[in-house]
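Multiple structures follow.
First chain A sits with chain B, and in the next complex the same chain sits with chain C.
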Partner chain A sequence: MSTDNTEPAGQDAPAAQADQPRHMWRIVAIWFILAAILDPLFYFLVGPHVPPGTMTDNASDNQFDFNILLVIAVPVLIAVWVYLGYCIVMWRSTRKGVPDPVGGPQARSHLKVQVGWIVTTTIMVLGLFLFGTVRLITGNGSGGGEGPNPIWTPTSATVLPVQVIGQQWKFTYRYPTFGGMETSQLIIPDHTTIAFHVTSLDVIHSFWAYQLSVKADANPQQDNVAYTETKETGNVTVRCSELCGIWHGAMFNYGKVVSKSDFETWAKKTEALTAANTKLLPPFAWTYVPDANNADGGYYPDNVDPYSNAEVYGATPGKPTPVNGQ
Partner chain B sequence: MTLAAERETEVVYPDPTPPVLGGFQGLPARPGWFSQHLGTAAILAVGGYLLGHWIGNVMTSGYDNVAASGINAVPVTAGLLGGVLGWLLGIGALNYPLAKMAGMEPRPDYESTSWTRYFRYTADHKVVGMQYVIGVLGFLFTGGLLAMAIRTELLSPTSHLFGPGTYISIVSEHGTVMMMMATSVIVGPLGNWLVPLMIGARRTAFPRVEAFSFWIFTAGYLVILSALFYGGFPTGWTGYAPLQTQAPQGMMSYLVGFAVIGVGMMAAGFNLAVTIINYRAPGMTWSRIPIFVWSILATCALLTLATPTLVAAGLFGILDHTAQTAFYVTEHGGSSFLWQNLFWFFGHPEVYIMALPGFGIVAELLPVFTRKPLFAYKVAAAGMIGVALLSFFVWQHHLFQSGINPDMRPLFMLTTELISIPTGFIFLVGMGTLYKAKIRFEVPMLFCLAVFFNFLIGGVTGVFLSDVPVNVTVHGSFFVLAHFHYTIMGGLIFAFFGGLYYWLPKMTGKTMNKKLGKIHFWLMFIFFNLTFFPMFLIGLLGQPRRVFEYAHNLQALNDFASVSSFVLGASFLVFVANFVWSIFIKPTPSPANPWDSLGLEWQTPTPVPYYNFARIPVVLNDPYHYGEENPPAIADLGDGILVAAGASSPASVAEDPRPPAE
Partner chain C sequence: MSFGGRVSVVLGLLVVVIGFAVWGVVGFLLPQPPTVDFTSAQTPTGAIDMTVQTVPAIGFGYQPVWVSYLVKNPQGQWIHSTVWKLPAHTRINVTIDQYDSGSPLRNQQWWRVQGTLGGQATYNGKPLSVYDSNTGNNGIGHTFTVPALNLSVPLVGVDGNATNTCGSAPCTTNFDHNTMKFSFMTPGAGTYSWQCFVPCGGGYLFGNGGPMTTLGYMGGFLDVVA
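Up next is the complex of A and B:
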């Protein structure tokens, strides 16, 4: 939607009398000039700096979406402000020569203005809805948590699954394709599609990888999947964006997007280094249930009945096949 | 209905019978120190609390499950409920049912002009309205002080004034107190006070229910504040479930408090809705009722229909804590999504409970200060009803990233963006009314114009939030916080103060100081924007809500917002000073109709008599006939007094346009 089909509010209100200045044309002219100047300024000067940046495909997508909304919003804001400003200046009672207002039926309603307003706002809203929906679906969920059964999935052949475990008050990351190792720092390879499987061990957290433009709530016993495709290397800030208790404000850590070869090296090395620890961890699963039989704080994977002694471990069948990050 | 037919259907009203208030015939008719008032309510509330607490302890002693659960929520819950019961008993809200149960004839209400009536249970909607004014201002200033504490803590990213537990309790308390206040901030004071006068009624439909709604509202205030004595609660005003389940005893204050306030919201809404539907004066057709009454009707529909969900959700939470049920405990078969859905199914209509009365005030005041009729009255009314209906279908936009089924997302994006169409009608109405007007910049008008400025920013950023891809970045951040402060504070609270400056001269008979009013307005308007606009940037730059530690590079913006917020807080002191000065210290009697309004509420004597109208008025036209050469009469107040534009106040004698009665 470009600037000039965003109609200013209240356009062509009751026809001006012949000896009166043509107020509506003045307002439209001021609005058009301001919008035509400010819109490109915002798009080209502010737009490239709008968060979340361009580190992943959906980060740049979401940045573009934000800028499109901004380009639509600015003329709307200007239209109302110009109109209000014009009214305040022209028709303030302290200004000399302001004619007394004329009441009567034509001041009470104006069919063309009302229908025009409703049609314009409806078109704008439906346009925004279509734009948002198309961007959401083609953007593979735009980096938002899609729940355990994602419907907008990437077509990429290789997907690196990374499990994000939220607990009071930290995030840890497990890499099922690297022996289920668990790290306290998020390291992911460049130019790779990542599937974040976000879950929680206690309360609701929200995994917000700011530069990746990924946000997915971590719910207890739910595997919330969000996709992104990395485009650049760099640092990533991870913050919890859902209130999770007293140390919510301190629940953040940092991660990195590194080159593919660096990631391979790091992952192999870390897998070997942490192998002894990994054995002590609950076996990898998509979600974990607090152990109802013991009060020692142990966790069972979700495919193990916490009330039985069955020892069936491993990832739930039917999930997308995890591919080693190559 | 033709004018002639109207005259013929005119009803002769008998002398009104006083509403039966309750109380026992044996008690003194005109109570003094030893009858029921605020003091007895406080005493019985404390007694009820202690009794309830003791019963709760007796009930649970010997139950291993409770002992092992870490906290025993039963005595707290029983104590709080006992306290609320004692409060209502002490103020006299239960007199009527108790008298009936005892087989005694309840005592009728009595007229009183003593100042003590403001501390009693009374059936007079004007007294209840004034009680509400003080009540919601107390609520607002409590929440405001907590906000000052939050902004003080956020002056520094790393050095702390409070511990994390204290900080999160303050944040939660601020949010909950403000949300509870905001549900009633206009419906309570201005709705109760004005609606019967505006529609030409002598009282509300259920005067006892109306008084009950106020006193249970104050009980809810005490209950939610009691959380501070239990160490607070860490969930914010949203109370998300697994955190709620593990939270300490302060959580019970939140759950009981919201349930108690919820009952009050339903009572207030039900009473006013029935009043508007059934108690309109003859001739007060649906196309003639003031637009403020439309907004209150839409709000009351939401209050009665949405609030039961909150009360039920709170009850589940109370049961989870006390009876060890598992509604919200995932590992025992419950669901944390259940609370989220129930809460927001209430919570989103709640947002419009807060927006609609503000629109009503703005639309009501604009014609008075522009001397023009309200533009597109029918569109405005339709928009309010449209917002009320649509608001039940948008709640899942709070759960866009939560992991609910993703195919719902486009649908809720659509409904959320659709609701901006009827919401936008208020701009059509306002801008149409301002066109070729003659704007008088009185203090109430300044607040109305500020609502348009603020709510526009709030509304436009709401569209950003409703867009799912953009929502990924801004959800749960300070962007959201800035957005809803722009809509609720920038819209509702500004409209509320506009309404107060406009109607206080009627309600109190005293003139508010104009100079202080303007200082209040400009301080509040400028520093409101300086406080909350930077928060959009803070959110976009990555600061989540409700944190007590944040990135160092955001300190400058946070400090700017904090310092501005202190001035914003101080601006309310100007209002308090104005209120105390103009009404108590140096009262100046107000003219009968200081703004030259055609509204029916201005045509009554000041102070308004107990039964409002000596004779029920016959309404002939809507009250927006400004700027006409031969304005028609608005209403017939009896004895040949007609209300018409362009004449002196309060009611002018114009030529009766109707044929003489047979």
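Up next is the complex of A and C:
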């Protein structure tokens, strides 16, 4: 670099800068106005339609959480766009009177900007961490699997236990409070706390009831418990969200949240209809070892206790009492 | 490492990458099971009659010992395919000749007949709604299950003490077998996967590899068209 070129620029820079409008304040003003308008608009107009909806308490909570995240993200997005847009408009090369780019110390660092950036992002990240943690705890696990001994249990005195059994490549459902009947379709009652007990007969699957905002891994010989409380009737899509083999993509089915009376009618009818089948099923247990039926494919140990202890649901102090959907 | 050594490593890795690429492309281009078209095979009543068989060993191809389904096309030929084209909203009358032996089920839910017309099937001419595979010598050989339709029929296995068993496909009814018959209605147009729910891929992880994960053997698609 020739000093002939850099010296005049260095000398002219302060003068040129003094002639410039206060760009930073302009950008902040534009950003503030846009964010103040768009953020509430987004929250009140788009927010109610953000997935996963409001079918359960988890779904409502998660929708709220997503909205909070998006309300925080929208101003950041606007800041980036405003800054870029402002730069493109104000310092485009075809615009007359634009000073040459300034090098030197000012281009290398700006202490206030750096501190401001670090402090702002730190506050945002730590704030979101605290927010997420609190929401996870107060939301009874927020619809996620909590393992066999849940830390966060619902406050409801009664729950409807539903066992979800993953198998390559379909989910089936057992209802221990209805004689242990097993069905191919998930039906649950409205305005009821549900305890999903998720397990697998082979590889790892993941039970994802999208509209219920429930997602829990299905591990063989593990009872993974997830809670939710239904708030609305409607259709539910259940998908496996863990790559589990060639037909993983086909491992989905549909369920319903129905009124309590409809659920009671359906459950009793199905219990009677499947009685012959239920009688032949293994006794209800929280987990199953396929070797019990010699259907092990040669990969399970022989001569083991085939089933976990069939805990009487609700017998454990502090755990909710099961109900038949009422 | 010397320059020559480094060049050798790079070339070696290049060969591996090219090898994987060629393997992937060739695998993609390999022929898939043919689609057997039943859309013009409707009987005067509007229904479609299908005849299917399950065999303990296909007897040919690159995996001759794998269990498999076969289907008889409208021209009466046995086709080794599990991709079947069917018209929408049509009654399908299915006859499955099951030549394989059976075993207990991993999930006994699959010994219940589900989703068929009337909620039943027939097993060698007798009505069947639930088959207890833990009793007798038969067990369940396979199932014909379309998860999206909640349709499932257990295929009762051939007696484990049978001596006149079929060794390779296509099997004739002279061999020991069980015949399952049932009917179902096709839904609207779409592609519906179906599979066997007995982990019959012996020698593979959880019994669900090999023929259970290869199109054309123990799973396929109902290609339902409007």
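Throughout what follows, the second predicted complex is superposed on the first by the 273 of 326 C-alpha atoms of A that agree within 3 Å, B and C clash if a C-alpha of one lies under 4 Å from a C-alpha of the other, contacts with A are read in each partner's own complex, and residues count from 1 in each chain.
Keep in mind that, in the parts below, contacts are C-beta pairs under 8 Å (C-beta built on N, C-alpha and C of every residue); 3 or more make two chains touch, one makes a residue touch a chain.
Note that the structure is a prediction, hence the values are computed from the model and not measured.
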Superposed on chain A, are chain B and chain C clashing or fitting side by side? clash
Which partner does A:253 contact after superposing on A: first (chain B), second (chain C), both, neither? second
A:245 contacts which: chain B (first), chain C (second), both, neither? both
For A:219, using the defined touch cut-off, is the partner it touches chain B, chain C, both, or neither? Pick first, second, both or neither. first
Just checking: does A:172 make contact with chain B only, chain C only, both, or neither of them? Give me first, second, both or neither. second
Of the two partner chains, chain B (first) and chain C (second), which one does A:203 touch, if any: first, second, both, or neither? both
Quick one: classify A:282 as touching chain B (first), chain C (second), both or neither. second
Is A:47 contacted by the first partner chain B, the second partner chain C, both or neither? neither
Would you sort A:234 into first (chain B), second (chain C), both or neither based on which partner it touches? neither
Check the residue A:133 against both partner chains and state whether it touches chain B (first), chain C (second), both, or neither. first
For the overlaid complexes, name the partner, chain B or chain C, with more touching residues on chain A. B
Of the listed segments of chain B (7-15, 169-177, 223-231 or 331-339), which one clashes with chain C in the superposed model? 223-231
Overlapping contact positions on chain A, where the chain C interface meets the chain B interface: 202-203, 245-247, 250, 290
Using the touch definition up top, name the residues of chain A that touch chain C in the complex. 165, 167-170, 172, 182, 184-185, 201-203, 245-247, 250-253, 274, 276-277, 280-282, 290, 293-299
List of chain C residues in touch with chain A within their complex: 103-109, 111-112, 114, 129-130, 132, 134, 145, 147-148, 150, 152, 193, 195, 197-199, 201-208, 212-214, 219
Any idea which chain A residues touch chain B in the complex? 9-10, 13-14, 23, 50-52, 58, 61-62, 65-66, 69, 73, 76-77, 80-81, 83-84, 87-88, 91-94, 98-104, 107-110, 113-114, 117-118, 121-122, 125, 128-129, 131-133, 135-137, 139, 141-152, 198, 200, 202-204, 206, 208, 210, 213-217, 219-222, 224, 237, 239-250, 289-290, 292, 306
In the complex with chain A, residue positions of chain B that touch it: 163-165, 167-168, 234-236, 238, 240-243, 246, 330-331, 336-337, 370-379, 400-407, 409-410, 413-414, 417-418, 420-421, 424-425, 427-428, 431-432, 434-441, 449, 452-453, 456-457, 460, 463-464, 466-473, 475-477, 540-542, 544-551, 624-628, 631
